[in-house]
């Protein structure tokens, strides 16, 4: 990502990094976020700060609001009818819940990978080229480069380079999920949201995706919802524990798994419920 | 800004930014499209409004020529006489109901029996063969059924019942029955297959036969869907035109006789449309009054069918 | 002591099984009856009409002489009718379906449109004829032209294509839409590039079924006043024309046996056309069967 924008950020970061190496800039700043499905209060007073170029894991039992939260970060939650929110989420300093904030613009910067692999019923090439195309990039040469780079970035290039024009449904589940990651990389997002990306995959495919996440965090900020605590422990830098729509605990992953501050967190990670 | 040694000497995000100007056009499309789509959806509403307004307006004109009392109570429909014309719709209604009743007698038992066979007895393969054939039967143009009624069913019936006239209520009634059978069969089958398997399994596990399961479990559970299918099919029979126009005759009469020539509401409209009744005559307006009556009949039955299937929908 | 006497149960078992078998046969007979009728109908029509079905019949104009009568004007009229009905219903039908499935908010207005569509599907076709006669033929002075008949037929079959398009659009998985929105695509982009390509086989199948309904209908056209006997071809959509079912109706109404045979030949042509269209629909349905 050799963009002026990023370079500027890097310069700012350098000074910050010199001062205090573990302090990074926040991409998301959530303040007093509340969310209701109709009358169901699904998220209660969420306050979280998520840093860039890190993997932030969100864990918690089913129905705790972790998926709801991640979908609020790119406002996909609005596809559910009857959703109301209050509070604010600042992405790079601007409140995305504000009226007039363009969702399309937000989602161009914030990519998403879903629970089940959801490639389009098109060719592998067209799947990856979809994002650039809808944003008006039509030059075939540039598209070719984007597709190659994205597939390489998602560590699937070698497996599919000879059959880019075949239907994406011919791929295995794990390959489909990496293709979806490549599709997401194609618009060079700033943040990648992952909503239980390995829950539908076999262990080997899961391992590949986990390795990929480690690789991707060098360039992208990643927020991952997971059901699997070992996964959170393996790949994340920070972990947030959600319960009944509240953030119970949020700190360094090592901290949360070795020495949780809250009794409920300890109960959850030691498997007493959930 | 672009570093020459870099493999990717461009930034997608930057290009997206550059294409932003185009975006404005896109945003306009986003706003216009739903509006255009709404307009297309309005067409179906306008159609209904058009039908109601047209029928009402011309029917009112008709009632300027003929009294409402005469229309609903006179025993004779005899519009083509200059001097002693009579516009009592009862004979046309009786012709329509006779035909619809005969059709129901044919279609209800056959349709429901087929539905039971398809949902309870038939193997998957048989079902896959038979259902498309039923669809074909439902897709045959009604003029073909009319031809079939006049040139095949009527002669056979006349061999069996010598007193049967060439134009009668029986033959078109039977053929309309055949025409609506697939409708009853397929809608009833849908209702029966949506009865959950667990209910059937409960009975089978106690040693019930398929017949007992069908009659004591499946049909009672699906009864609202079955009745709705019958009501809809009868509504189709009432509105059916070409079969009765070809094989029913054009003699409106108020009787229980099914062997003689009759005229239905639809057949009357066809008869006038083909004739040379000039625009603005009482006869011209009469087809709207008859059409309106027909419309009310079928609308009532359709609403009834919807009411039945909604009101008595089983919650499984 | 046992409350249930096993031997009684066993004794009663046999009649129950026999009853089941008898009814199974009855139910099967009822189902076969439908197939039988279809067989007889086709057999009758073919044996009656095949003698008149030759190149001259396809080329011939209507005539008072059964030997010389042909379907050329009617067949070409039917093609003209399809040329009006297909684009009009596709535009309004698919537009309505997209509106209802993708844009309309759940509420009284949407429910009203939906209920209205299902009631419209139950309105007898002849009533559409009265509507067309008043609005298109008289008020808009289009006369008994291709366009007047085409618009009337379009309104008649609109509910069919709306409902099947709605089903096709509804069957597109929500995950695909989410993926598109997640890339920053707008709603219309998502509909155009993701939803429509996936829904198009279903829409086309419904469209063909609607079109076959339109070319088989007679009653509304009789009401519009389409000529039963026409010896020239339409040159534009504003010209008078006639269609196959009208021609068949005309021949069926003649007293002479010969004309019944000519009608049968016309029916063979009409049914062949319908079979071809339905085969295409089935082909599309199978070829593009959903793979998700």
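Letters A, B and C mark the chains in the order given here, with residues in each chain numbered from 1 onward.
In the analysis below, contacts are C-beta pairs under 8 Å (C-beta built on N, C-alpha and C of every residue); 3 or more make two chains touch, one makes a residue touch a chain.
By chain, UniProt protein names: A = Phosphate ABC transporter ATP-binding protein; B = Phosphate transport system permease protein; C = Phosphate transport system permease protein PstA.
Please read these numbers as outputs of a predicted model, since none were measured by experiment.
Nearest to the overall CA centre, using the mean of each chain's CA atoms, is chain C.
In this structure, the chain pairs A-B and A-C differ in their number of contacting C-beta pairs, and the larger number is found at A-C. Centre-to-centre, using mean CA coordinates, subunit B is 12 Å away from subunit C.
Our note on geometry: subunit A versus subunit B, Cα centroid distance of 52 Å, whole angstroms. Centre-to-centre spacing of subunit A and subunit C amounts to 49 Å, using the average Cα coordinate of each chain. The set of subunit A residues touching two or more other chains comprises 108-109, 135, 187.
Residue positions 186, 189 of subunit C are each in touch with at least two other chains. For subunit A in complex with subunit B, the residues that touch the partner chain are 1-5, 108-109, 132, 135-137, 142, 145-146, 149, 186-188, 190. By the touch rule above, subunit B contacts subunit A in their complex via residues 1-3, 6-16, 19, 22-23. On subunit C, the positions that touch subunit A within their shared complex are 106, 173-186, 189, 193-194, 197-198, 291-292.
Subunit C makes touch with subunit B in their complex at residues 16-17, 19-20, 23-24, 26-31, 33-35, 37-38, 40-41, 44-45, 48, 91-92, 95-96, 98-100, 103-104, 112-113, 115-120, 122-131, 133-135, 138, 155, 158-159, 162, 186-189, 209, 212-213, 216-219, 222-225, 228, 245, 248-249, 252-253, 260, 263-264, 267, 270-271, 274, 278, 282. Within the complex formed with subunit C, the subunit B residues making contact are 26-27, 29-30, 33-34, 36-41, 43-45, 47-48, 50-51, 54-55, 58, 109-110, 113-114, 116-118, 121-122, 130, 132-134, 136-137, 139-144, 146-148, 150-152, 178, 181-182, 185, 209-212, 232, 235-236, 238-242, 245-246, 266, 269-270, 273-274, 279, 287-288, 291, 294-295, 298-299, 301-303, 306.
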